[in-house]
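Here the chain labels run A, B, C and D in written order, and each chain numbers its own residues starting at 1.
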Amino acid sequence: MLIVKDLHVYYGAIHALKGISIEVQQGEIVTLIGANGAGKTTLMRTISGLLRPREGSIEYQGRSIGAAPAHEIVASGLCQVPEGRRVFANMSVVENLEMGAFLRKDPDVGKDIEKCYDTFPRLRERRRQTAGTLSGGEQQMLAMGRALMSQPKLLLLDEPSMGLAPLLVAEIFEIIKTINKAGTTVLLVEQNAHQALKIAHRGYVIETGHLVLSGPASELADNEEVKKAYLGI
Amino acid sequence: MGDYLKKWAMLVGACLLLFVFDRYAFWALNGFWQNLILLAGINMVAALGLNLTNGYCGQFSLGHAGFMAIGGYATAFFTMMFAWPDWMLTFPHPEFPIVFPISLILGGVLAAAAGLLVGIPSLRLKGDYLAIATLGFGEIVRVFLVNFEYMGAARGQTNIPQYSNFFWVYSIVLISTVVILNLIRSSPGRAIISVREDELAAEVMGVWTVYYKVAAFLLGAFFAGVAGGLLGHLLTILTPEKFNFVLSIEIVVIVVVGGMGSTSGVLLAAVLLTALPELLRFTSGAASIPGLSLLGEPSMRMILYSLTMIFLMIFRPKGLCGNKEMWELWGRKGS
Amino acid sequence: METVLQVLLNGLVLGSVYALIALGYTMVYGVLKLINFAHGDVLMLGAFAGFYIGSSVADSVPMPLLVTLVLSMVICAVIGVTIERLAYKPVRAAPSLTALITAMGVSLFLEYTTALVLGPTPRGFPSEKLLPTSTVMAIPGLPNISNRQLVVMGTALALMGLLYYIVVHTKMGKAMRAVSFDKDAARLMGINVDQVISFTFAIGSALAAAGGVLFALTYGRVDPYMGIYPGLKAFIAAVLGGIGSIPGAMLGGLLMGFTESTASYFVSTYRDAVLFSVLVIILLVRPAGILGRGLVEKV
Amino acid sequence: MMQVKHLTRRFGGLVAVNGVDLEVEEGSLVGLIGPNGAGKTTCFNMLSGVIAPSEGAITFQGKRVDGKKAYQFTQLGIARTFQNIRLFKSLSVLDNVKIACHFNCGYSMFRSFFHGPVFQRKEDEITEHAMEMLKIFKLDHDAHEISTNLAYGEQRRLEIARAMATRPKMLLLDEPAAGMNPTESAELMDLIRFVREKFATTVVLIEHDMKFVMGLCQQILVLDYGTPIAYGNPAEIQANPKVIEAYLGKDEEG
């Protein structure tokens, strides 16, 4: 579904991604783990069209999207929940959800907002509230709900657990599993390796812009190398 | 030690040469050229000052006309209304009285005081907010001058003696250039530049950024004041309207075209941008070619100015010289 | 008492027009972080468009003022979008000062090109033809209200109401708010940021055009430099209310109107000095304005 | 050398740093680590005077310094670098370092207008000191190059050289190895060790690269959600279950 080949991305003089290749198959949850500063967010931003790769290719559903503008990438069914949630804090919950459906012209948007409230019941209670007044966990749910409103075929999640209490993290990961079962492919970036590997089918470990490990999630979970990549043992 | 004395002796010598040129050659030019050359010199002084604030220190100011106005009016006050002892008005020569340089310095000092007044509170502001606040300051000065009955209010101050001549204008250009180049090639000068480059990094390198920002404002205002004084004593009339915000923009454009932080670039731009529109005036006489005669229209001058600004920002936002001096650019090409 | 009411009324009429113009500054600042210096000149172009349209349609169509207003707004919307595409878009990624200088360039260009093409001398605006004056109320003890004042204020308020509706309830309006809050997040939602910016310029310029026509209607004349001072004052209003904030611009506009009418009454020759002092003081004391959010630099 | 007591910083309702206590011994090499958003850089900003703490005290060489401005911190002997290199971009390598020498240049602004003999002598001293710094950091061949033309690793080195030119007693390094490849960061480790010995400087650093921190630092402070969760030597930190949890997430089953 998504094939990233030998991607090189620079931030000014910094060579942030040094030849990353990953692949996501339809229906999978694939996770990308690694300590901070490894380049995970850079990869996500590049896939979504916010950054341009200097070298390498990104192919989504057989079409090259390396040079496509961000809004066209969303239109083709690839939506991202960015790191730090980035909800529109000055707008209400329901307006945020409507923004997720920005490109849709079908009449079912209202129905989908209801569906979204079913998935995240807390959002229903707060639909008129400004998003900035929500708690971190609620904002994360809103950010995910907002992305789902675009009816993505592939959902990119960048550190959904960041800054959340453990109980909430578990809840969020449960929801990710549900979303996946409902037919959405998921590419999940996480620092929280244990949780991520538990729900994922496959995983990649990246370290300072390089891919160091990849394989089925269950294997990575037991791999001592993963711990090494994190703690530098 | 010897080097140092030699350098300053050369400067004095150069000023003497200017004097000789003024006395024995300058009068031979016709009035149009004389005026043009003197105006270019005055713009140089004003732009050198603004370049210190905008170019070297990175504190964008749109109130330069306000400082020029204060300097201009103050200098005129000192040459015309202040009770100097009589001998000072004729010493050493009635056309070169000692009161003129003294008044210019006093005018510059007053403008610098205003610079301090604006500079200190403006420290709280950055970027475009600072630009707008200084623009507001310039307008306030103008409105007060319109109401300043003592010096002619909206009609302006007339009958100012025409003391600005080639010698004074270009000696001041020369001295200003040397002093500014000296300053920016020193530790305090580098501290001023570091504020432009990265204020936070400068602070963390031990630079008291507040002090240097105020200093840059104050020095910029001083040169503006002197330029204003020269202008008044060239035109022999000062009106508040002369110092409206279009004048501020004209000086800003000189600095931007020359390259913010390039003294030689700014001097070159002052010449080009003073001469170009004035020379275009000739074409208004050449009525046989319609397109060319259009260039002589007074509005055309400002249209060219504005297009220069826009295209420069789009295609060469760093100006002709960037923040390099001409000789540095030249040297680079040669090597 | 009557003078107080008169001053208040004048302030309200003037303030509602300033608010209209201030909205354009604030919206553009919201999406681009650019002080659109040329906004006042778009106002001037709107007034000129109104002058030509008004002069030619005054006798031939019903409700000539409405026709004039709408057509000028459409023309300026197109002009605004064109300015953005040609001059601002190329410097969008540049530091804010580069963009500010560009905007000043555009401002001067519009003023002097108009002066060159249409002549620098003021022309009489066909106010009387478009809306013959009459006094609506002459109640003793109350100030006289002319129908023109009512129309000016009413139009300004109606347009502000319309803008409010667009921003709060339409998809484009919401997208505009989203873009001004977080461009990247908006992109990730599939919002075409370029399109939203064009839309913002279109709306802002249309409001400026309306402001221009209302000004011309009130003062009965148009000239190439007429946009400078209303533009600066509306800008002050936007800063006063908190630049980037739409309710702030409305509030700031009204406050500016009251300040100006009060200053005109007490210290008329220092009126503009008072206004600019307000600007400088606001910038120093509360740079974010009354309803604005502060900005924090990240280290 | 530096005592930090109950250092706290709030931004609106958010507590970015919460009650950090730290004692930095003279000559030591201390690491500050923690997951993204743990408040490490905020902590550094307070230690270098860039922002003021909401609560708590910082004592440097027996003197209270919290509440002073950043330039005063530097003049007292605390220098720092930045996570996202902040060089004076359009200036030469040499001028970058010279600016750091500015506050002990020893002459007034008035003197700088005339370039007199005192000026010349002091200025020569500055140039000499700056060139010496560049030599130590192996940047002297590029002294007249514009700083942004340097390679990324060299820019990092220049930033450290510039900080060292202020003659600090304590050096704060914010992610010095960020964006470096393994060879470069190994060289950087050697360089930091060398600097510490050569100038007898105390070093505190933030770093993500764990190999780097573990290999270099004697003591490590771990922050999570702004709160200190562990302090100790590398071996202790690596074995600390709280740290593992903060980095890898909790493993509920065991």
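Just so it is clear, a contact is a pair of C-beta atoms (placed from the backbone, for glycine too) under 8 Å apart; a residue touches a chain by one contact, two chains touch by 3 or more.
No experiment lies behind these values; they were computed from the predicted model shown.
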Chain-touch separation of chain B and chain C, in steps, is 1
Report the chain whose mean Cα position is at the greatest distance from that of chain A.
B
Need the CA-centroid distance for the pair chain A / chain B, whole Å please.
56
Please compute the C-alpha centroid of chain A, do the same for chain C, then give the distance between them in whole Å.
42
Take the average of all CA coordinates in chain C, do the same for chain D, and state the distance between these two points in whole angstrom.
49
Using CA atom averages as chain centres, what separation in Å is found between chain A and chain D?
33
Expected list for chain B, residues touching two or more other chains, is 200
Any chance you could list the residues of chain D touching two or more other chains?
50, 82
Chain A residues touching 2+ other chains are none
Chain A partner contacts - residues on chain C that touch it in the complex
171, 174-175, 177-178, 181-182, 184-193
Residue set of chain C touching chain B in the complex reads 35, 87, 90-91, 94-102, 104-109, 111-113, 115-116, 120, 232, 235-236, 239, 269-270, 272-273, 276-277, 279-280, 283-284, 287, 297, 299
Within the complex, chain D is touched by chain A residues 11, 13-16, 18, 35-37, 159, 161-163, 166, 169-170, 190-196, 208, 227, 230-233
Using the touch definition from the top, list the residues of chain B that touch chain C in their complex.
60, 121-122, 124-125, 127-129, 131-133, 136-137, 139-140, 143-144, 146-147, 200, 246, 249, 252, 256, 294, 297, 299-300, 302-303, 305-310, 313-314, 317
Please output the residues of chain B touching chain D within their complex, sorted ascending.
1, 3-4, 7-8, 179, 182-183, 185-191, 193-194, 197-198, 200-209, 215, 322-323
